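The following pair of complexes shares a single chain, chain A, combined with chain B in the former and chain C in the latter.
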Partner chain A sequence: MTHPFDQIPARSSGSKHSGGAGSGPRILATRRLSRLPSTFWVLAVLVILSVAVTLLSPAFGLGEMSTSFVKTLGKTLCLCLAALAMDIVWGYTGILSLGHMAFFALGGYMIGQWLMYARTEEIVVQALSSAPIPATATEVAQGVATQIFGVVGGSDMPWIWGFAYSLPLQLALVVAVPGLLALVFGWLAFRSRVTGVYLSILTQAMTLALSLYLFQNDSGLRGNNGLSGLQNVPGLGAVTQDVLSIWFFWASALALALAYLGLTWIISGKFGSVLRAIRDDEARVRFLGYPVEVYKLFVFTLTAVICALAGALYYPQAGIINPAELAPIASIYLAVWVAIGGRGRLYGAVIGAAFVSLLSSWFTGGRAPAVPLGFYTIDWVDWWQVLLGLSFVAVTLLAPKGIGGLFDRALGLHTPNRKGAPLGPAEGALQEQEAVE
Partner chain B sequence: MRALFLAVLLACFGLQTHADTVAQIANAHAADLAKPSRQTIGPVIADLAASGDPMAAKLLEAWGNKALGQRKSDKAFFVLAPDAAGYALTDLTGADAGTAPKAEITELKPNAGVRGLIASALVQFTLSDPDPQRRAQALDSIAQDPKAESLAPLRASVQTETDPQLKAQKQRLERLLILRFDPDPAARVAAIASFGADLGLDLRGALNPLLATTLVASAGDASQLNIARTLHPGHDLAAADAYDLLVTAGAAPARLTHEAQKKALAAHIVDGKVGTVPVADLTDQSARDRAYTDLEAAGTVPTAATDDEVAAAIAAHQFYEVYAEPNRSVTTAAQAALAKISLAVGAMQVADLTLDGLSLAAIYFLAAIGLAITFGVMGVINMAHGEFITMGAYTGYVVQQIVPGYTASLVVAFPLAFALTFAAGVALERLVIRHLYKRPLETLLATFGISIALQQLFKNIFGTQARPLTSPPWLDGALTFNDVLSISYIRIAIFALALMFLAFFLYLMKRTRLGLEVRAVTQNPAMAASMGINPDRINMLTFGLGSGIAGIAGVAIGLFAKVTSELGTDYIVQSFMTVVVGGVGNIWGALAGATMIGGLQKAIEWLNPSNTLAAQTYMILFIILFIQFRPRGIIALKGRAAGD
Partner chain C sequence: MSALLEVSGVSVSFDGFKAITNLSFSIGPAELRAIIGPNGAGKTTFLDIVTGKTKPDSGTVLWGEKGQSLLKMSEAAIARAGIGRKFQRPTVFEDQSVAENLILALKSKRGPFAALFFVLSAAGRGRVDALAQNVGLADHLSRKAGELSHGQKQWLEIAMLLAQEPRLLLVDEPAAGMTLAEREQTTAMLVDIARTRAVVVVEHDMDFVRRLGCRVTVLHEGSVLAEGSLDHVTKNPDVIDVYLGRG
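Here is the complex of A and B:
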C-alpha cells in the first residue's frame, strides 16, 4: 500500500530519524510530517469542507445551507478539536481523563464573560445615553451588574468579573484558568502516582465538583442560568449572524488545522515515542530515566488548554453556556467519540467526534425517521441513547480500533501475532504502531 | 369547679364592680350580641369573662356554635337545642325555658372572624373543662399565642388540675407566661432561673423576644434606656447607617442621594450647561457636585447636607442598641439563661450532627457495599452500578403497584430486587466484562455505555417524573429525644440494614467456601484454577452478588429518595469515592470511607447550612487532597493481597 495511514514506515528508520542526529531541523520537520500521510488528507478534507460551506452559505454563497447548519458544522469542528486533545491524552499517553470537557466549558465561560459583559455594557450605555445627564462610569458599571446578575438576585459584580471588560485579558484567562487548573490538579494527581481507573474517577470527581460549584447562584457565574446571548459579538452589532457564523466556521477550521499539524508534529517525534511508551509500560519508562510525571503533566496541561480554546470557539456559536455543559457525562462522551473513531490515531479522533456528534444531533433533533414495529414505534428521540450506549459496548468489545480499524483493513494492515501474549492494557491503541509488520 | 375558677378569675382581675349576671350583660349588649362584628365584640367578651357567672362559658360556646337565638316576641336570648317542636330553649340563668317553634326564634349567626374571637376567648374557660382533651387544646392554643391575659386564668386552673401530665404542662406554661408578662420583675427573674438549661423551643421562643434590640439614636440623657450596647459610628456602625437613623428619627435633614442629585441637575439644564459646568462633563461625580454647588449658590435647589454637617450631626448623638424589655434585671437573667441554654443546645447539636452524619454514612455505605465487592474485591469498574441501584428502586415501585400493603410489598420487593439485579449482573459479566478483564479502562467505558442505555431505557418505561416508593407506616415518624435531638425511624432502619449487610459480607467472605474461593481467585486466578476452582464461575457469582446487593440498596434508598431514572447517577461518584477513600479491597475500608465522607459532608453543611451544593463541592475537593496523602485509602492492603 502506498499510503499507510499514520503508520511509521519502518522501525529502524523511525528510530534513526527521531534521534535527529545528522539531519537538519528543517528536513527533520518535513520528514516527521510526511511520515503521517493522513495529515495531508485531513487538511485537504478541511479545506474542501470550508470552501463548500462558504459556497453554500447564506452569507457568501448560494444560501443552500441554513445559518444554523453552518453553526452546527462550526461547533462540530470545535468538538473535533477537543477530541483531538482527548486522543493525545488518552490514546497516546494512556490517561483516561474524564475531565477534559470541564476545561472545554471553562474556556467557554472565560470568553463568555467578556462577550456578555461587553455586550451588556453596550446596551446599558445605549439606554443611558438618552437621559439628559450623561452617565458616570459607576452608573454604567452598576447598570451592567444589575442587568447581568438581576436574574440571580444580585446587583454587584463579583471579583471574578474583574477582567471581563477587556478582550485581551479575558482571552489570556481562556488559556490561564483551565491551564492552571490542569497544572495543579495534574501535579497533585501524578505526583502521588494515581494512575489508571483511579485517575479517571478522580478527574470525574473534579468535573463534578466544578459543575456543582458553578450550579450555585453565588458562584458569581449566574448559577444554573449560565451565560447567555453569547452569539452577539460586542462591537460587531452591524454584522449579521449569517456572516458571523461563517467567520466562526473559518476560525474553527483554522484552529483545527493548526492543532492537527502541531499535534502531529509533537507525536511523530521522540516526545511522541516517550508518550506511547508511558502508555504501554509506565514503570519501564521511569526506570529508563525519563521523568514520567513531567511528560504526563505537560500533556495533561497542553490538552486542557487546547480544549479550553476549542470551548472558547464553540460557545459563541452555541450562544449559551450553563453548568450542565460540564457535567461528568460530557467528558465521558468525549472519550466515547475518540473510542468510536479509533484511539491512538489523530484522524480517528476527528472522524469519531464528527461522526457521532452529527449523528447524535440528527437522531435527537427528531429528523430521523421513526421505525414502526407494528406493536411499538421506535421514536429515535427516545431510543438514540440506548442505541448509542449499546453500540459503544459493541465497539469496545468487537472493534477496539473503532472506525480507524476500517482504514487498517482497507490498507491490509493487521495485528501482529504475539504468540498468545496479551496485547497489554490498551489493546486498541497498542496495535497502531505495530500493525505494519 | 367552673364557678370556682370564675371566682378566682374575678379576684385576679379585680373587677368585682362588674359582678352582673350573664342575663344582665346580654341585655346590656343586646345589639352587639345580635349583630356582632369584630370591632364590637371585645367589650361583650370582657364583660362576660368578668361576670363570674358559670353561664358565661355556655353562652360563648353556644354563640360560637351558632346555637344562640333571640325570641322575636320579647327579644330575650336563649341557648338553642334542636327539638321535635322546633327548638328546646335554655335561658341565660341555665333554667329550662320550654320549647318554641322555629318561626318564633331568630338564630344568631356570627361570621367566621367573630367566631374566631369567640373561640380564643373561650380558651380561658376551657382550661378547666372536664374533658382533658379540650383542656390540652386550650393549653396548646395559649402556648401558640401567649398573651398577658392568659396568665391569670391559667394560674387559676393549675390548682384544680387533676391530670398530672396536664398539670405539669400547665405549670410549665405558667412559668413561661410569668417570665414574659408578670408585672413583678423578681417573679420573672425567678421564673427564668427555674428553667435552668432547659432545651425546649418554647423557652427559647419566650426568652428571645425579651432580648430583641432596636437601634436608637439619642442626643441627651440615656439613663432611662435598657442599653444592650453602645455603638460607635465608623467602627461597629457605618456612618451612613447612623445618619440614616437620624434622618428616620427626624433629627437631621435627608442627605442628597445620587439619584436625586441627578434629577435636580437634569431639571436645571440651561444652554447645555448646569450652573457653570457643561452637560457633557457631567460624567463623573466631582463634576456633578460642582454643578450642584453652583445651583445651590444660585438658590435654585435646596441646600443639601454637606459631609461636615453629616459628621457633626452624627457626633452630636449617641447610638445604642436598646432592649425592647425595659427591666434590666430581667434582660440580664434572660441573657444568662440563654447562654446556658446555647451551651446545652450546642452539645445536643453535636450529637444530632453525629447522628445525621452516621445515617448519611449508612446510606453511602449501602450504596457502596455492592461496589466494594465488584470494584473493591474484583477490581472491575462498573459504571452501571448506579443503574443497578435504580433498577432495585423501580422494582420496589412496580411491586408496590401489584402487591397490596406496604409491608408485604417490601417483603416481596427485597428478594425480587436482589434476584433481578443478580441476573442483570451475571448477564453483564458474561457478555461484556469477562472479555475486558485485561483492559480496565475499557471496562469503564463499556459499562458506561450500558449505563446510558439503561438510564434511557428507564426513562422510556417509567417516564421522567419521580415515582413514589412509599415506606410502611411503622417507619413513619421519628425517635425524638428533645427539641434538638431526633432521628427518623427510616434512617434507623437504613442504619440497621447497613450493619446487616456488613455482617453478611464478613460472614460470606470469611466463613464460607464461596468467600474463600473469591479471595483465592482475586489474589491469583491462575493458582486458584490449578487448585480446582473455576475462576469464571466465581467471577460471575461474585459480580452477580455485588450487583444484587446494589438492587437491595436501591429499594432501601428508594424509600427516602425520589425514584427517577437518574437516582443511580447521584450515588455513583460518591460510591466510587467511598471505596477509593476507604481503601480498595477491604470492607472495613468502605465502612471507614462512608463514615468519613458522610460525617464530613454533614459537618460542612453545618458550617454553611444554606448550601448543600457547596458542601458537596468542598467534600470532593477534600477527597482529591486526601488521596494525595493516602493514595491507597484509609485502610490500605499490605503484602501480597495488595497485588501490584
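Here is the complex of A and C:
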C-alpha cells in the first residue's frame, strides 16, 4: 500500500534549505502533476499527433492530408479544450452549466472583430491606393464600415467595434467580455444559491438570450450574417491557407496541452479536493468554513475564459461565426461530449470531445455509407443526431463513467459500486430500540 | 464566567408553525452540555440557527468575548469563527480518501487562492496522522471514506470536526448507530474535548446523556423547559410529563 501522503502535496518545514530527497517545492510540483499518469499520455498523444499531422500536411509534409482536414483536426482540439473546461465545471464542481458554448462563441466574436476589421481595412486601403488623391483616415474608416455593414444596411461602425483596429486590445476583450459575463451571471446565480437543474435552465436561457440578441441586425455584429472571412489573417495575406492551417493546428495543440497541464495542477491539489467536495455535498463544505459561492464563481469564470480562448482559436479555422453558434443545443453537445468521454476525469473530456465531434463530422459530411433497409434507407446526415441521442442515453444508463470507464477496466481499477440510499448504521450496531433498554 | 455563545429570545416559525419560541441558551468556553427533548422539540432547528443555516425571526445570537452577532454571518463565516457541527447522519466526502477528508477540515485559510497554493506542512501532516490515530483510522488514511463502515464514518467526522479546531462543537446524535463499545469511546472523547472547548450534544438517548454527566437543557415545543443536572431535570414534573412520561 502506498502511503496516503504520497498523494498529497507535502513539504517538510524549512524545505528551502533542507534539500532532502523529495522535499524541494519544485520536485513536489512535478510530483503533484505526475500523480495523474494520464497527463503524460495525453501530452504524448498530442505531440505525436502534431508531428504526424505536420508530416502529412500539404504545407510541410507529404500532402497526404487535405488542408480542410488539418483544419478539422485543429478545430477538434479547440473543442477538446472547451470540453476540458466543461469537465472542470461539471465533472469536478458539479455545476451543470449548459451555457459554456456561449463563452466559446463570444471568444470567437471578439477575435473575429479584429480579423474582419483589419482584413477589410487592408482591402479598402489597397482599393483606394489606386485613386489619384491618397485616401484620408476618415475615408478608409468609412470604406471599412460600408464594407462590413453594407450587408445589414448600415454604414457606421457601431461602438462595440471601437477596439477592433487593435489586436492586443481585441485579445484582451477575448478574455474580458466572456469573463465579465460569467462573473456577473455566476455571481447573481450562485449568490441566490441557484443549483442543479435550475442553474442548467438559467444557463440555457443565457445562451439563448445572447443568441437571439446577436441575431438582430442592429446588435452591431452583423446579425444572422455573423462575421466571415475569418480564415484570412490580416498582415499574413502572403501566407497560404495550407500553411496557416498548420500554424493554427500547432497553436490549438499547444493551448490544449497548456490547459491540460494547468487544470491538472489545479485539480490535483487541495483546490480540487474542495471542488469535488462541493460537487458531492456543498452544505457540508460550507460548515467546514469554505466560501462555496466564491469557489463556484472562480471555477465558473475560469472555465468561461478557457472556453473563450478555445473559441478564439476555433473560429479563425472555421472561417465564419454566426449567432447560431450560441444556440442552446451547442452547449448541450458540450455536456454530451463530456458525459460520453467520462466526466470527472480530464482525459475523458478530451477523448469524448474528439471522438464525438470527429464522428459527427464524418457522419454529417456525407461520407458515411447509407444503410439500406429495403423499406427505408438510413441516411446518416439525418440520422446521426438520433444515433448520438441514443448513445447519450445508453451511456448515461449503462456506462455512467463513459469511455473513460474502459480505461479503468483495462487497468484493472475497480471502485466499489455503491449506489442508492446512503448507508445506514452498520449491521450489528446498537440500534435505537436497544439503546433505550 | 462570560458565555462563549449567548442565544436570547430567539423565535422562528416555518409557514406559521413555531419551531422555536423565545429560546434562550448560553454556554461557557469549556463546558459540556446536553440538549434533550422529544422529536420536534426544535433541537435541530436550534443548531441550524446557531450555524447560520436558518435565520431566526427575532432574538439575538452572540458569539465570543466581543459579543459578535452571528445572525448576519454566512454558514461558512460562522464555521470560520470557530463553530463546528457534526450531523446526525455521518456526512463525509465519500469519494475522497480519509486523508483528503481530514486535510479539507484542517484549520487553514479557506479562500480559493489559499487552496490553490496549499501545501501540507510537516506540522499539518503530523496533525492529520495524530487525528487519524485518535479515532483509530491511522491504517485507513488512503482508503476512500465511502468504503468505511458506518461507525468509522462517524469517527472520521468527529476527527474532521476536531481538525477544524473549533471553539464550540455542536454534535447531533453522535451515538446513533454505534455499538456499545463505540458509545463508551465517544462519551470519553466528548468529555475530554469539553475540557478545552465548549461542546453541545443533542441527543434523545437518556442513557447516553447520563454517561456524559453534564448539565442538561430540556427543550420542548421550541423553548427551554428545564435546565440543570440530569437528576435535577428528571425530577421536574413538567419534564416527566412531556418527555419521560411518554416512555
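Keep this in mind: the second predicted complex is superposed on the first by the 392 of 437 C-alpha atoms of A that agree within 3 Å, B and C clash if a C-alpha of one lies under 4 Å from a C-alpha of the other, contacts with A are read in each partner's own complex, and residues count from 1 in each chain.
Throughout what follows, a contact is a pair of C-beta atoms (placed from the backbone, for glycine too) under 8 Å apart; a residue touches a chain by one contact, two chains touch by 3 or more.
Being a predicted model, the structure only gives us computed values, none of them experimental.
**Q** Kindly classify A:Tyr198 by the partners it touches after superposition: chain B alone (first), chain C alone (second), both, or neither?
**A** first
**Q** Determine, under the contact definition given at the top, whether A:Gly289 touches first (chain B), second (chain C), both, or neither.
**A** second
**Q** With both complexes overlaid on chain A, does A:Leu373 touch chain B (first), chain C (second), both or neither?
**A** A:Leu373 contacts neither chain B nor chain C.
**Q** By the touch definition at the top of the document, which applies to A:Leu208: first (chain B), second (chain C), both, or neither?
**A** Touch partner of A:Leu208: chain B, not chain C.
**Q** With the two complexes superposed on chain A, say which partner A:Ala339 touches: chain B (first), chain C (second), both, or neither.
**A** In the superposed model, A:Ala339 contacts chain B only, not chain C.
**Q** Tell me which partner A:Gly389 touches in the superposition: chain B (first), chain C (second), both or neither.
**A** first
**Q** Of the partners chain B and chain C, which touch A:Thr136 in the superposed model: first, second, both, neither?
**A** It touches chain B, and chain C stays clear.
**Q** Please indicate which partner A:Gln216 is in contact with in the superposed arrangement: first for chain B, second for chain C, both, or neither.
**A** After superposing on A, A:Gln216 lies in contact with chain B but is clear of chain C.
**Q** Applying the document's definition of touch, where does A:Pro400 land relative to chain B and chain C: first, second, both, or neither?
**A** The first partner, chain B, only.
**Q** Residue overlap on chain A between the chain B contact set and the chain C contact set?
**A** Dual-contact residues (chain A): 422, 424-426, 428.
**Q** Which of the residues in chain C end up touching chain A in this complex?
**A** For this pair, the touching residues of chain C are 51, 53, 74-77, 79-80, 84-85, 87, 89, 91, 93-100, 103-105, 110-112, 115-116, 118-123, 125, 141-142, 144, 146-147, 149-151, 153, 160, 164, 175-180, 182-183, 205-208, 247.
**Q** Which residues of chain B touch chain A once you look at their complex with the stated criterion?
**A** 262, 265-266, 269, 274, 279-280, 282-285, 288, 381, 432, 435-436, 438-442, 444-446, 448-457, 459-460, 573, 576-577, 580, 611, 613-614, 616-617, 620-621, 623-625, 627-629, 631
**Q** Under the touch definition given earlier, write down the residues of chain A that touch chain C in their complex.
**A** Residues of chain A touching chain C: 1-5, 7-13, 25, 28, 266, 269-271, 273-274, 276-277, 280-281, 283-292, 294-295, 298, 415-416, 418, 422-426, 428-432, 435-436.
**Q** Give every residue of chain A touching chain B within the complex, in rising order.
**A** 94, 96, 131-138, 185, 188-189, 191-194, 196-198, 200-202, 204-206, 208-210, 212-213, 215-216, 218, 328-329, 332, 335-336, 339, 382-383, 385-393, 396-397, 400, 422, 424-428
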